[in-house]
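Following this line, the structures themselves.
Two complexes come next, and they have one chain in common, chain A, joined by chain B in the first and chain C in the second.
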Partner chain A sequence: MLLNRDDWYDTSRDLDWTFTYVEASDAFPARWSGVGAESADAWQAWDEPFRVSYRDYVRIQREKESGVKAVRSAMMRAGVYEKLDAGHVAASHLHMGTTCMVEQMAVTMQSRFCRFAPSPRWRNLGVFGMLDETRHAQLDLLFSHDLLKFDPRFDWAQKAFHTNEWGVLAVKNFFDDIMLSADCVEASLAASLTVEHGFTNIQFVALAADAMAAGDVNWSNLLSSIQTDEARHAQVGFPTLAVLMETDPARAQTSLDVAFWRSTRLFQVLTGPAMDYYTPLDQRKMSFKEFMLEWIVNHHERILEDYGLKKPWYWDQFMHSLENGHHALHIGTWYWRPTLFWKPNAGVSKDEREWLREKYPTWEDNWGVMWDEIIKNVNDDRIQDTLPVTLPSLCNLTQLPIGSAMSRHDLEPHQLVYKERLYSFDSEISQWCFEQDPERYAGHRSFVDRFIGGEILPPDLGGALAYMGLTPDVMGDDAYGYAWAKDYVTAEAG
Partner chain B sequence: MSSQKATPQIRTRSLKTWSAFGNLGRRPTEYEITAHNMNHTTGAIPLELGPDVNGNAWLLEHRDATKLRVADWDLFRDPAALTYGKYVAEQDDQETYIELLLEQFDRDGADRTLSVQALDMLGRALAPSRYLGHGLQMLSAYLQQLASSSYVANCAAFQTADQLRRVQLNAYRTTQLNRSHPDRGFATSERGHWENDTNWQPIRRAVELALVEFDWDRALVATNLVVKPVADLLLIDLLGRQLAAAGDHLDALMLDNLWRDSRRSQSWTAALTSFLLESDSSNGPVLQGYLDEFAPLGFAMIESGVQLLSVDGDQESAHLAAGVRADWATIVEAGGLRLGTG
Partner chain C sequence: MALFPITGRFVGDFIPHLVAVDTDDTMADVAEKVATLSVGHRVPMPTDPPGYEVLLDDVVIPESTVFGAVVAEHDLMPLQWFDVRFRERASVAT
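After this line comes the complex of A and B, so read on.
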């Protein structure tokens, strides 16, 4: 008789055997599995929250591929890209440059699950995750390659992670850690559960909505199609968490608290500016904060509480950062725009400012006053005073500028000495993350460490730009050539 | 600020393809566009972390300190030029074919009329091979993780997925056979066969030993030149022919279809070893040395494996073993290496 998937599925995951020719602990070393011998049996309870057959997978994915390809061809023929808003385009440059290689890295993380995960069920599901991530990397590459003829910035979809651009180094540092150096359990909590289940909703759902509103049907369709895969394979984090809550709940709490803060900081630079500044005002759906509150605070964190986890100890500081961190990173990235491979939109015309005030009641006090200085310099034709001459000091955990985590009034230093080296942090939380496992972070040298150490020559901004691989044709500048600042000319004159 | 168009402020050069291709002299294929230069971990310190962290220590020891010398890994190409889109489309076609086979043979009530000879072979050889398939799945995934080139890593990723396909089809057939022949131990006795049957032990031993080969070059040879090709020759190719001879045409046709996946693995492996031999003259002795070291595992697999598949005694076993050895030698030679006599 013909069978349904559930008839044969249990047999297909009944795959463990007792090793006798080598030690099982040698074949599944704890440094990759994340599981010591003492808790190995507990992982037999790992049970996937969804079931996939290979047969269904290739059929469904083939259909998805056809759908994306059809839209891609149609949109290219229609010449849609040339009609897009410059601010929106900056968001797609930023996304492709910082995401494409991460998708490829995720292939390897999933492949690690296929090889070393402590349950054959998980090892099997890793195969579909590995294929999904291969798809995402290749879709991003094809999308970006199509657009190379319009803008060399799309070369950075493939090139960025081979450079030392500081923002890319921050992204690389985080994902190299949680995807390519972490054991399966840690990777599952940090990457599958926190980043994929929690935060990529913002990047993919929110940006997809904004892209559609901006008329970028191709990119919107791509993001939505990718999200259908992410929503499925991100769920493998939950059975991992369920087992860990039985065997080592303290480890689960710490791992997730560290991953949550690091993800927050990263998405404050990757997604916050794109949502609240680059996307044209009339096309914005939600603010970054609103999206974070709905998807992260209300949805993701509530699920974690169902597993018996507490809110991170730093919750109040997180909420304060949610009000400020991405604004700090936006003004910072716009100011250091020659160090970017995309053209940031300042996003502070009068109308946009009104929107920011409404969404963020403290925005004027914290950030508006700083933009006023920039606006004055722009309108006084002193562009040089809006450009950097030095580099910012960077956090040794997040690799993001010191002073960019909270409001401009929260600038007390957070530093510690570990093995005779001084480490600086953007917040008390980042310092706490470092202290949980110093060896995980201590050996790394930030961009500024290298600059001070004499690796970047000449030791000035020009030398730093060359070290970052930034060439004039991709180097960041204001997306609209400062046209937005003219809003203020009359008022200032008056 | 809204609705200003993406007009460049400064004149920008127009790129036709990735700058990483350099002067390619032609338009790259879609396959190359999606596979080129997508490993960012090939610098002196692989990951953007301290040099001593787990991931860096592992890559430095097991990938970068190995003996293979290659100036530009990204010159390798998969003969099948597989992209994700091409892979799922091709495999969807193959799975549709399998579905049609299953429907047709089910309509004919084929499982009820299987011979004792065929049922015996299905029980002792086909059904337990899902453990073998899982072992090969893990081994294939490892080749992906430490590959220096994304071109190579992608081949290994698709090979890994092929193994899950095999495991799931195996589970499907095992379940069907259990329903039509509930007294024969299908779906319950396979682990016992895999762990205890004398004739399975050299195969299981080879899989387990390969699973602790962590240096990438050694893992490549152990997995893709020894354990996998020999296992596939025995438990896909030969098993299919033996089952056909015993009158089980459904499993024979399904295994014949899985053999397509095996051939693809053999094809990219031969292309890779040829590429390595051409890349540096020192690579030949390295690869040949590993092959000579691991080949006894393969010969032992063959000697016992044919016992699982033989129905007519020692003379037939010897004949089958000679055939598998010859086929294995051909696979190895396609990549420019030689198989000793065992």
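After this line comes the complex of A and C, so read on.
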């Protein structure tokens, strides 16, 4: 008679070794596990709620794969992609180029959990996490390969992380830090608890809903299928936080506060413009801010409260950034559109602008006045005045443009000297993150650092575009050929 | 004579730029180099342009001052932040 799972599960996942000819600290170095000898025993209490066996895992994943591939076949036959709105298509290019290789990086992170996590239960779950992330990267590549015949931008699902495109460098910088370089405990708090449990909801729930509304059933189905895995393996963050609250609560607070801000900034560029500008107006479900408040902010506040942590000291500034950061990144990415591998929708036609005003009462004063100048140039046939001639200054923490965290009214210098070099930051918060561990961030050279260091030749915007690997067939331009600006010609003439 | 990179913000724009300034430039030259990246692009040019002024740490630098002298006096490092604004708006908050 076969035993029930509960009869053998605890024994199987607790399988561990008693070391006799090496020290435990050699087999599980603190540099990789994140655990010092002083707290090693505390990790025996680490527990997870999923109780997944390999047999169950394979059965469920097989069903998911069948579902995704059935929809994929049907949608490809129906020629759905060719009928999609150009603004929505930009969101899929952005997602595939910036996310696919993050999934692959997550395989490495999960494999570190498999080998170095301080609990055998966690190491056991790491195996499933590693298989999850392999599946996600492969699905992104498969779907992008299907669509490559329609647009070479889908090649960037694989290519982007092998280029020096500035936005991709920002994404890589963050995930190199929290996935590839961090120890298990740090990675679990930053990647599992903060990014996967919190912020991926924006990519995989909000974008999935918008994609479904836009008729992109295939992509929506892919995103939803991936999210079911993320929701499971992200749970390793909770028992990790529980143990850390017993052993080093100050470390937990700092790690989460840094990760939460860095994640916020990244998703302001990855998802904010896609939700509030690229998605066709009649297909939008929620604004980026509304989704953040309901799905991210409330969740994060609850976690902090449940585990006895304080809100980050920067909470009021974070809330102000929710009003502004992604609008700054949108006007910035649109203006510097030749530096993108997707075609952004300006998203400021009269109707769209009314929606923006309703969702963001300060939008006109903070952003509308600058769009007015751009619209005037477009309608006066001075497109060259809506294009960049130099680089924006970049933050040495987030690698994103300075000025893209708050509104233009809040813009002020945040600079410090560390080891005889001047570092610049997009906010007081990013500077604080840097100051928590300067050696961790100081060595990285931003795109601007590379430019003034002579690595980008010729030293002009053309040289920068070549350095980024951008070719005319994928280089960004306005998604609708400026048709949205005609709204304003009619009004002026009338 | 040497190029020196600064972080140049035109007050009213949302983003500062990487600007290459020559140590022989006057502050009037610096102002022009920073302003030309914002004014007429995202910041409207006033109907009666009042000219520009350059600020370092909120202090206006006389327009005839040579940039290299400012660098030497304040021992500035590459990417130092400078503000440029319309002269008539000197006392108006952004």
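Miscellaneous remarks
Just so it is clear, the second predicted complex is superposed on the first by the 492 of 494 C-alpha atoms of A that agree within 3 Å, B and C clash if a C-alpha of one lies under 4 Å from a C-alpha of the other, contacts with A are read in each partner's own complex, and residues count from 1 in each chain.
Methods note: a residue touches a chain if its C-beta (ideal position, glycine included) is under 8 Å from a C-beta of that chain, and two chains touch if they have at least 3 such contacts.
Because the structure is predicted, anything quoted here is derived from the model rather than measured.
When both complexes are overlaid on chain A, chain B and chain C end up sitting side by side without clashing.
Rounded to the nearest 10, the angle at the Cα centre of chain A between the centres of chain B and chain C is 140 degrees. Using the contact criterion defined above for the overlaid structures, shared-chain residue A:Lys149 touches chain B, although it does not reach chain C. In the superposition on chain A, A:Lys310 makes contact with neither chain B nor chain C.
Judged by the touch definition given at the top, the superposed model places A:Lys486 against neither chain B nor chain C. Once the two complexes are overlaid on the shared chain, A:Leu15 sits against chain B while remaining clear of chain C. Contacts of A:Arg62 after superposition: chain B is touched, whereas chain C is not reached.
Once the two complexes are laid over each other on the shared chain, residue contacts for A:Arg302 go to neither chain B nor chain C.
With both structures placed on the common chain, the touch criterion links A:Asn377 to chain C but leaves chain B unconnected. Superposition on the common chain places the nearest Cα atoms of chain B and chain C 20 Å from each other.
Across the two superposed structures, the residue set of chain A contacted by chain B and also by chain C is empty. The residues of chain C lying in touch with chain A in their complex are 5, 7, 9, 12-19, 37, 40-44, 77-81, 94.
By the touch rule above, chain B contacts chain A in their complex via residues 1-10, 12-20, 30, 33-34, 36-41, 47-56, 58, 83-85, 87-89, 91-92, 95-96, 98-99, 102-103, 106, 130-131, 134, 137-138, 141-142, 144-145, 150, 153-154, 157, 160-161, 164-165, 167-172, 174-176, 179, 187, 191, 194-195, 204-205, 208-209, 211-212. Those residues of chain A whose C-beta lies close enough to touch chain C in the complex are 328, 331-332, 335, 366-367, 369-370, 372-374, 376-377, 385-386, 389-393, 401-404, 407-409, 411, 413, 415, 417, 421-422, 424, 448, 451-452. The touching residues of chain A, counted against chain B in their complex, run 1-3, 7-9, 11-12, 14-15, 17-22, 26-27, 31-32, 53-55, 57-59, 61-62, 65, 69, 81-89, 101, 104-105, 107-108, 111-112, 114-115, 120, 123-124, 126-127, 130-131, 134-135, 137-138, 141-142, 145, 148-152, 154-155, 158-159, 161-162, 169, 172-173, 176-177, 180-183, 280-283, 343, 345, 347, 349, 351-352, 439-444, 472-474, 477, 480-481, 483-484.
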